[in-house]
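Structures incoming, each one as structure tokens.
Presented sequentially are two complexes of chain A, the first with chain B as partner and the second with chain C.
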Partner chain A sequence: MNQDLANKLPLRPSKAKFYSNIGLILAILISSAWFSGFNVFEIFANLRFAFRLLNSLFFPPAWDYADNVIGPLLETVQMAIVGSFVGAVLAFPAAVLAANNFIKIKGLNTGIRLMLNFFRTIPALVLASLFVAIFGIGSFAGIVALSIFSFGLISKMTYESIEAIDYGQVEAIISLGGNKMNILRYAIIPQVLPQYMSYTLYAFEVNVRAAAVLGYVGAGGVGQTYQIWLDLRRFDRVGIIIMISFVAVLIIDFISSSIRRRLV
Partner chain B sequence: MSIYAKAIPDKPKSNAVRRILIFVIVFSLISWGFTGLGWNGIMPSATGTIIGMWNGIIHPDVDYLTNWTVDGLPYAVVETIAIAISGTFVSGVLAIPFALLASQNIVGQKVSKIGKFIITMIRTFPELILALIFIGIVGPGAPAGILALGVHSIGMLGKLYSESIESMDIGVKEALESCGGNNMEVLFRAVIPQVAPEFLSYTLFRFEINMRAAATLGLVGAGGIGAPLIFAIRGRFWERAGIIVIVLIITVTIIDFISGRIRKKLV
Partner chain C sequence: MIKFVNVSKTYPNGTVALTDINLEIKEGEFVAILGLSGAGKSTMLRTINQIIDVSSGNIYFNNVDINTYEMYGDDVEREIKRQKELNPEFDETKLDLQEIDITKIKGKNLRKMRSNIGMIFQNFNIIKRMSVIQNVLSGRISYNPTWRTVLGIFPKKDKEIAYEALNKVDILEKTYHRASDLSGGQMQRVAIARSLAQNAKILLADEPVASLDPITTFEVMKFLKKINVEDGITTIANLHHVDLALEYATRIVGVRDGKIVYDIQIKDKPEKQIIRDLEQVYGRPLSHDDFVGDE
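== the complex of A and B ==
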């Protein structure tokens, strides 16, 4: 009788795997902290440097330099707009070709996806420094880098949306004798357009943040003077650049994300 | 007749004025963007540069890859991974209090709004600037990068954590309380088991992002593969830049793959 009951109850899951996983995670964490020389005590010991630095960055704010920040800041926004626009225009055809429920050629889908993955793997800052070598110092190199980066981002998200559409509409069009173009126009585009626009806006937000630091490698925008003022130890000017671009990014993020909430 | 006419809904009214207005605004924003194109023509040396880059990609500097000292590529790659792991861990721990502060069902509507705003502010602050600030505190090197990632990632992890706390099933907590469970029991038997898989999954996702970020932090001197990469690009050592970019892409792809597999198992 007892034996029967014991057989019916599911076995308690073994804890051995749980503990070995925890052990593995701890080993990875400790070895990376050791390898990178991360020492918590040292950080607390140096905390006074943090206050000194924050003090020289933001108190008192260098308001007299603020006028010189506005121009580069507008250039940053322009770079982000053009970068996300070009990226979005290029991304739509790529997303359509990568979605495996519209064009069912496995080789083509996988090929495009690999290319997209490749673009998203290279950080925007590295792309920008490569393009600075080709186009010279200035916003154009940054725009090309942002375009490629947003192209990879928007196409990935859009092809995933295309794959998740309601396939009933596609079947309805096929059953009425519609061709591929009809499917694209009347089943896919209406379903993914709001999401596609939302992704473009999202890429724009990411681009504004990225563009604000691209100047560090010479690719235009508000970050261009960071290096100079840091080298000259004019921390108050670095501070005012950080502050103004921070506020601008917050405002842009707020506007863009409230539009996105209404879109989807 | 009128019955049939009613059965078909009216075409949705499109507000022509609004549409035109939106179109004009978007169009003028984009055109304004293009006025700042900053096209100065291609550098006179561009053809040579592109040929150099291409040669660098097909003839990468293999000696650098097999250089097992501190100056070699393997060391830089491992250091980059270590920065990403430690930074993600730091933010994973630091994000929890922020997430609790931003969760409506924990601290109430008003406080959660403040918590959410703090998290948004942290997210908006660029990690490269954080790295510059931390270099001023702990000096150049990997720890500055870890701190920059650790602080910056609170912005995303805090948001995702608080979303998962807010969508938690309250029933389990109430069941425990009705059986006389105390706060600790509620925490360990109701809250943690529900949110732990999602927390881990988000943390791994952030780790994938931090891997890419850690690769650029070196540009400002915060350790990792970014420093040798920027030196190679600035000095036009394309063979070296080639091998670094190739290894970076392979490493990031492998880590994405492993982390994605674990995430699929978790949730």
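== the complex of A and C ==
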């Protein structure tokens, strides 16, 4: 390089920040592993137990039990469908109230957001246990749990979409003499509807997986059968449930995500 | 028809957009507002329909019926005649025409005032996921109860108004197309049709052709001129290009640093002189970027 160019070249920025960030991330990772008692050697020491379990789960598959899985699995999917639907219906008005570019009342926006965060903090499994205590054992408790879980998820993502809309269309409706309802109907809903439907489908996908374990606390679906056969140590039957559920989830995810791709 | 009196606007972040604007616009004028970007043109336009409120000053509209907030403009007789054509039972003795300061009204009355003032935008701001007809019908929202507009069920009379508006801007054949399938120029014509359906007496055009190619630019400008001349719609347009202003407007208002620094009726002065004057408004010599060029 000629001297002239070297003189003109600005000082190279220091990489100290980059290295200190890496160091920080490593420190957090290692201390977390230490305090939570994670040990890589533990995995290898118990590897043969893991293989033995895998063997009893899937070899040979308990095909004779497959027929009994379909019913509870179907119930799981139905729970997920109803739960996502109810959650989505409740989520839209909540999202509208939470979005700070539509209703500019800070207290209201924050209040709704706090409520949404509260619902999203409680794991679906805990919600389900609580509702089993209220409504008794069965899929109804599970559906209520999934509804609340999807409500929190969908409304959070939807209000973020509402806040990101093109404001020009809102201006256009205001200039037509439109009121708040008109703005909602003609400027906001057309812009966020595809995203909202996509979030609902995503919640449905998550719900199918979540619903599969809800039965463990008595909230209906395929989880109830898991519980029975795990308790009786019939791992071959647990294995066939896992396999069939896996295929079902795969199919549902495929269909749902291909619809979502077309939506947005 | 519109009168700005000492209008100033300072945004909450401290930006001074308008300083002491005084301007009177008569019915039927086609006013082109010229100036560099950031001069305050957009803010000025948006204060007229109060999408942006003013910090101080007043914006008056003359001959507004205090019962309906319908504007009767400068030529009251003509507007009464038009109202009678629309509604044979129209009773002019019930009119109570007053001067209204739009900066002082709120809520429902403000919305009624706004329904007299159409607006089109650089980005068209039509609803792309709806059909053309639904877009034009949205111009009728202020004339219908909310439940109807929310359900999207408009009376037959409104549909006829919408078809006529589409026909006026020569796009009736696209009536049932989805708006997103249209070209930029077609979208802007749908936006103009929406303002026509709104029965606007004033049209605010914020850089209406800035995202269009030259050929479509002239097309859209011709439609703006057409509704200005044929329907007497007072038009106020922020424009980028000096030659468009000279060809289509009747008056040029120059804005610089939030102040009106130039105001002239185009017929009163030779074009070359106006172009020279505009170099003062822009604070720089004009270049070919300031002109669209020949059609």
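Keep this in mind: the second predicted complex is superposed on the first by the 233 of 264 C-alpha atoms of A that agree within 3 Å, B and C clash if a C-alpha of one lies under 4 Å from a C-alpha of the other, contacts with A are read in each partner's own complex, and residues count from 1 in each chain.
One rule holds for everything that comes next: a residue touches a chain if its C-beta (ideal position, glycine included) is under 8 Å from a C-beta of that chain, and two chains touch if they have at least 3 such contacts.
This is a predicted model, so every value here is computed, not measured.
Q: Check the residue A:Y159 against both partner chains and state whether it touches chain B (first), chain C (second), both, or neither.
A: After superposition on chain A, A:Y159 lies in contact with neither partner.
Q: Thinking of the overlay built on chain A, is A:F35 touched by chain B (first), by chain C (second), by both, or by neither?
A: In the superposition, A:F35 contacts chain B only.
Q: For A:I173, is the partner it touches chain B (first), chain C (second), both, or none of the two (neither)?
A: A:I173: touches chain C, not chain B.
Q: Which partner does A:Y202 contact after superposing on A: first (chain B), second (chain C), both, neither?
A: After superposing on A, A:Y202 lies clear of both chain B and chain C.
Q: Tell me the contact category for A:T121 with respect to chain B and chain C: first, second, both or neither.
A: A:T121 contacts chain B only, not chain C.
Q: Kindly classify A:N182 by the partners it touches after superposition: chain B alone (first), chain C alone (second), both, or neither?
A: In the superposition, A:N182 contacts chain C only.
Q: Look at A:S139 in the shared chain and tell me whether it touches chain B only, chain C only, both, or neither; answer first, second, both or neither.
A: Only chain B is touched by A:S139; chain C is not.
Q: Per the overlay, which chain contacts more chain A residues, chain B or chain C?
A: Touching more of chain A: B.
Q: Let me check the overlay on chain A: which residues of chain A are in contact with chain B and also with chain C?
A: none
Q: Within the complex, which stretch of chain A touches chain B?
A: Chain A residues touching chain B: 28-29, 31-33, 35-39, 42-43, 46-47, 49-50, 53-54, 57, 74-75, 77-82, 85, 117-118, 121-123, 125-126, 129-130, 133-136, 138-140, 143, 209, 212-213, 216-217, 220, 226, 230, 238, 242, 246, 249-250, 253.
Q: Touching chain C in the complex: which residues of chain A?
A: 166, 168-169, 171-179, 181-182, 185-187, 190-191, 193-194
Q: Quick check on the complex: what are the chain B residues that touch chain A?
A: 29-30, 32-43, 46, 49-50, 53, 78-79, 81-83, 85-86, 89, 120-121, 124-126, 128-129, 132-133, 136-138, 141-143, 145-147, 212-213, 215-216, 219-220, 223, 226, 229-230, 233-234, 236, 245, 248-249, 252-253
Q: How about chain C: which of its residues touch chain A in the complex?
A: Within the complex, chain C touches chain A at residues 46, 49, 51, 108, 111-115, 117-119, 121, 123, 125-130, 138-139, 141-142, 146, 149-150, 152, 191, 194, 198, 204.
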